[in-house]
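Take a look at the structures listed below.
Across the two complexes that follow, chain A remains constant while its partner is chain B and subsequently chain C.
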Partner chain A sequence: MKPRTMDLFWRTASWLSGLTVSASVMFLIGFLLWQGIHALSPALFFGDTAWQDALFGRKPVFEGIWPAVVGTLSLVVLASLIAVPIGVAAGIYLSEYATIRQCRWIGSLVDLLSATPSIVMGLFGFTLILLLRRTMLPNAQTGLMLAAACIALIVLPYLIATTRASLQGIPEESRLLGASLGLTKWQHIRHTLIPLSAKGILGGVVLAIGRAAEDTAVILMTGVMARAGMPRNLWDKFEALPFQVYYLAAEHRNAAELAQGFGTALVLLIVTAALFGFSYWIERQAARRWDSG
Partner chain B sequence: MRSRRFAASRAIRYIARREIWIERVLFLAAGLSAAVVVAIFSMLTWFCLPLFTEHRLGAVLEWRWDPIHQHFGILPMLFTSCLLTIIALIVAFPLTIGICSLLHGVLRNGVLHRMLLFLLHFMTGIPTVIYGFVSVFVLVPLLRWVFEAGTGFSLLAAGLTLSVLILPTMVLVLHAELDQAEARYRLTAEALGFSPEQTIRTVLLPACRRALVVTVLLGMGRAVGDTLVSLMVAGNAAQVPHSIFDSVRTLTAHIALVLATDSHSMAYQSVFAAGLFLFLLMSCFQAFLRFWAKHGTVFK
Partner chain C sequence: MGQRMKGDSPPDIRIDALRVCIGGRDVLCGIDLSLRKGEVMVVVGPSGSGKTTLLRAVNRLNESFPDCTTRGSVRMKLGDRIVDLYQDDLPLPEIRRRVGMVFQTPAILPFSIEKNIRLPLRVALGLKPQEIERRMEHALHDVGLWDEVKDRLNSPARMLSGGQQQRLCLARTIALDPEVLLLDEPTASLDFRAAARIEQWMVDHRDRYTILAVSHSLGQTRRIADRVCVLKDGRIVETFGRDRMADVEDFYARMEALF
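== the complex of A and B ==
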């Protein structure tokens, strides 16, 4: 084939693939908006209960997705409480303290953690419960705390990676500052390196929150339940937005439930898109900072 | 005077001790993150042990899943997982190459370049369950209507959905790699009078052939590990598929389904075997990736 013809073929094929993918994603978003937009109303969240009562927990919500919102919110908060301190601390250690040998070992294990499928992480949580039942607590149950811990494991590698990357992205000149002021290693990290890389770390935290909000496979194994209502304590069964989407797709009984499914999917998409957009923006800001010098 | 010197030395000692403790705490966090992986591996192995000690491994490595008649084979699911991954890659890989040549050829700069990149970044942020959800209500009826074969919940539907899911990861990795290659070779290629398409075809992609392997491996990892798409779209019949319109069940979906419904001890053990297998598969991918990245510095 002549190079000219080949070029034409190549260009057509690449345009086609670009257009196919963009069109399918646009279609996905458009379809959800078209189907879900009229389901978006206070009734989607609270059902028949008045929103003041639902918000302060005076009356239970039966029809709406408010319990799922609360479940996801508490999952995200608990998982962040566990994962953020550990992840940031591990990132700081790997970037500033670790020897090359430690870096290689811990780094490869953390890589393996990030590659572990989320369903295996959920299975791990399930085996923990089985172990607890056999040894100490015969009536241990899967629940909110276990799910949060497993989700924390899922987001931990992201946090470590972003913390490490943003600390290592600090220019060498800024690192001289600590030595020139006679700071100890920790004072240097605490007062110059962390403030300089704060944006990058924050971007990682927001990304981790997004991941925690969307993951379904883990909570499927660790105690999510349809129609569980509000979690009463940290060990109780709970509902969650992504699970609600999955459940309603498979088991909707009538048109109203289907509409609720579309509404829930749209809410989930909006939440994760907002979190994602925020982290993308922070990332861009952080990247620009060192470029402008 | 003496007391002041005493106080100063005490402050120094305090700071030194604090430094040591902070390092210890940070080390503990890093060690904990690493130890979790070991814990996952040992827990799964521990719960798989009965299979080995009681010689029931053969019962799990079998081609039939029929718990009522005491058949607990997970091989059909294993086969399906591999097949589904291959289908997803067959669809996604050409698209990845196409989009990357778009990003480095015709749309090298400008608004469209940025928009396409933003779209790809955005795709990584869309929850998996949303891809599955839309697929259930769009792709599945479409396939049912076009091919008039079965219910539409099939290998093909899952493969197509998975390909959209793994695409952004693959494109972004390859794109970053092509960017570096472009910085090195662009001037040379232009001086030789290559068209943009020729540059990509004959210079950039061959220069990135190691990155191509990494791209494929990352895509495979995501496709094998994904649960929700195959759970929602593939139909979940535990059988060996004969055509791409057959309903199938992957290893990941199998784990989720069995733990949700069954309470048979042997079924549980087959699930742990499936989990251990997935974990080991991912370890192999990861080891290969590391090896590949380490020996992949030929062009630098």
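== the complex of A and C ==
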């Protein structure tokens, strides 16, 4: 084929691919909005309970998705608290400390972890509880903390891979900068490499948050329950938005309940977008502080 | 820029039988070189001849690469004692503070102008705020950047022009009070006016630091070098002084032949 034709072909193909992605996302959001927007109301969130009572936990919410919103947010925050420090530290280890041999081994294990289906991870959590019950903790049961730990395992590979990649993407001279200024290895990592790769690392955190918010299979086995209400502590059963969507869609008895399902899906989308927004805000604050600090 | 007659005094840096092997390949082999304070030594040579590796052997920066081995000795006068960098147990961070380095492209940190200089002083040297302030101001004056940035020390360093960024990097290095400066093509990414300022700085400060620089430009080499060391395939093929650079035609012809 002539170079000009090739050029035209690839330009069109790239353009069409971009268009397909944008159109799919727009269609998805449009469809959700169309189906779910009229279900969005205080009643969807709080049912018959007054919103002030629900927000301050004075009265339980029976018919609304408010407990699921709280459950999902708690799950994401807890899973991030577990996974972000470990994932980022493991990424730093692989990029800065590990020998080529260690990198190969640990890298393969991380790949294996990322290939583990989430239902298997859920099963692992469930079995862990059974084991604990038979051994040390006869009262152990599935709940928020177990689900968060399993979700943390699921999102770890994202964090490790993005941290490692963004550290290794730093140009050679910048990588040598800390050492050339007489910084020790850790000072160099802390004061030059992490700031230089912060954007990439936060990208991984955003990915991990998104994944933690949407997972259903893991929590299905590890403590989610329809109509569990607000979790009273870290070991309690909980509700979650993706499970609520599944439950409403699968068990709906009338059109209104199905509409509620779409409304819940829309809320999940909004919650995830808000979490992304929050992460970008943190990134901007950090960048601003570094810039002028 | 008259030629110095320093041949009789003992060298401030003496490199003997230096051999650097990276990834199983000899990058430098049998390097013997002496440097004196007061003379700018410029290393020239084709790409891949080992110039950067030679510089990085003088502050042991090559060891940041896991597959690098270095043999031979690099002895230098630090304060009033002579140390062998590869034998004596001087900690690496200290070696690198006393042998400062500036890279080819301005390696600024994603911080403010001020913090770029303050950070190593605080973290590596653990200095008190007043001393940091004093050194920062002094270093910025020294590279002629103070008047340009004194009113915006808090703005991001990336907002500076390339030439200003490179002078900031130079200021950051000299604020650590090194005795030796390794300048790895410090003007390669700059326009001629910005490059001229850095060249002039090197000439003006050759009595204060022992300077080892790499240059790709033969014109620049003629302007700043007191001595030239020509590297090819990891070996020194010739070293000569200013007297051999006086005749432009002869100098270029010689370089043509050596490359």
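As a working rule, the second predicted complex is superposed on the first by the 240 of 293 C-alpha atoms of A that agree within 3 Å, B and C clash if a C-alpha of one lies under 4 Å from a C-alpha of the other, contacts with A are read in each partner's own complex, and residues count from 1 in each chain.
Rule of thumb we're sticking to: a contact is a pair of C-beta atoms (placed from the backbone, for glycine too) under 8 Å apart; a residue touches a chain by one contact, two chains touch by 3 or more.
Since we're looking at a predicted model, the values are computed, not measured.
Enquirer: Kindly classify A:109 by the partners it touches after superposition: chain B alone (first), chain C alone (second), both, or neither?
Expert: Only chain B; A:109 stays clear of chain C.
Enquirer: Check whether A:216 is in contact with chain B, with chain C, with both or with neither, and answer first, second, both or neither.
Expert: first
Enquirer: Output check: A:94 vs chain B and chain C. Expected answer is one of first, second, both, neither. What do you get?
Expert: Once the two structures are laid over each other on A, A:94 reaches chain B alone.
Enquirer: Which holds for A:181: it touches chain B only (first), chain C only (second), both, or neither?
Expert: Only chain C; A:181 stays clear of chain B.
Enquirer: For A:10, is the partner it touches chain B (first), chain C (second), both, or none of the two (neither)?
Expert: A:10 contacts chain B only, not chain C.
Enquirer: With both complexes superposed on chain A, which partner does A:287 reach: first (chain B), second (chain C), both or neither?
Expert: After superposing on A, A:287 lies in contact with chain C but is clear of chain B.
Enquirer: Chain A residues in contact: does chain B have more, or chain C?
Expert: Residues of chain A touched, chain B against chain C: more for B.
Enquirer: Look at A:150 in the shared chain and tell me whether it touches chain B only, chain C only, both, or neither; answer first, second, both or neither.
Expert: neither
Enquirer: Just checking: does A:192 make contact with chain B only, chain C only, both, or neither of them? Give me first, second, both or neither.
Expert: second
Enquirer: Which residues of chain A are in contact with chain B in one complex and with chain C in the other?
Expert: Residues common to the chain A contacts of chain C and of chain B are 184, listed in rising order.
Enquirer: Along chain A, where are the residues that touch chain B in the complex?
Expert: Touch residues, chain A against chain B: 3, 6-7, 10-11, 13-18, 20-22, 24-25, 27-28, 31-32, 35, 85-87, 89-90, 92-94, 97-98, 102, 105-106, 108-113, 115-124, 126-128, 130-131, 153, 156-157, 160, 184-186, 210, 213-214, 216-217, 220-221, 242, 245-246, 249-250, 261, 265, 268-269, 272-273, 275-277, 280.
Enquirer: Would you tell me which residues of chain B are touching chain A in their complex?
Expert: 15, 18-19, 22-23, 25-27, 29-34, 36-40, 43-44, 46-47, 94-95, 97-99, 101-102, 105-107, 116, 118-119, 121-134, 136-138, 164, 167, 195, 197-198, 200-201, 221, 224-228, 231-232, 252, 255-256, 259-260, 271-272, 275, 278-279, 282-283, 285-286, 290
Enquirer: What residues on chain A touch chain C, complex-wise?
Expert: 99-100, 171, 173-177, 179-184, 187, 191-192, 195-196, 198, 287, 290-293
Enquirer: Inside the complex, what are the residues of chain C that reach chain A?
Expert: My answer: residues 56, 59, 61, 64, 66, 92-94, 96-97, 100-101, 103-105, 107, 109-112, 115, 119-120, 123-125, 154-156, 172-173, 176.
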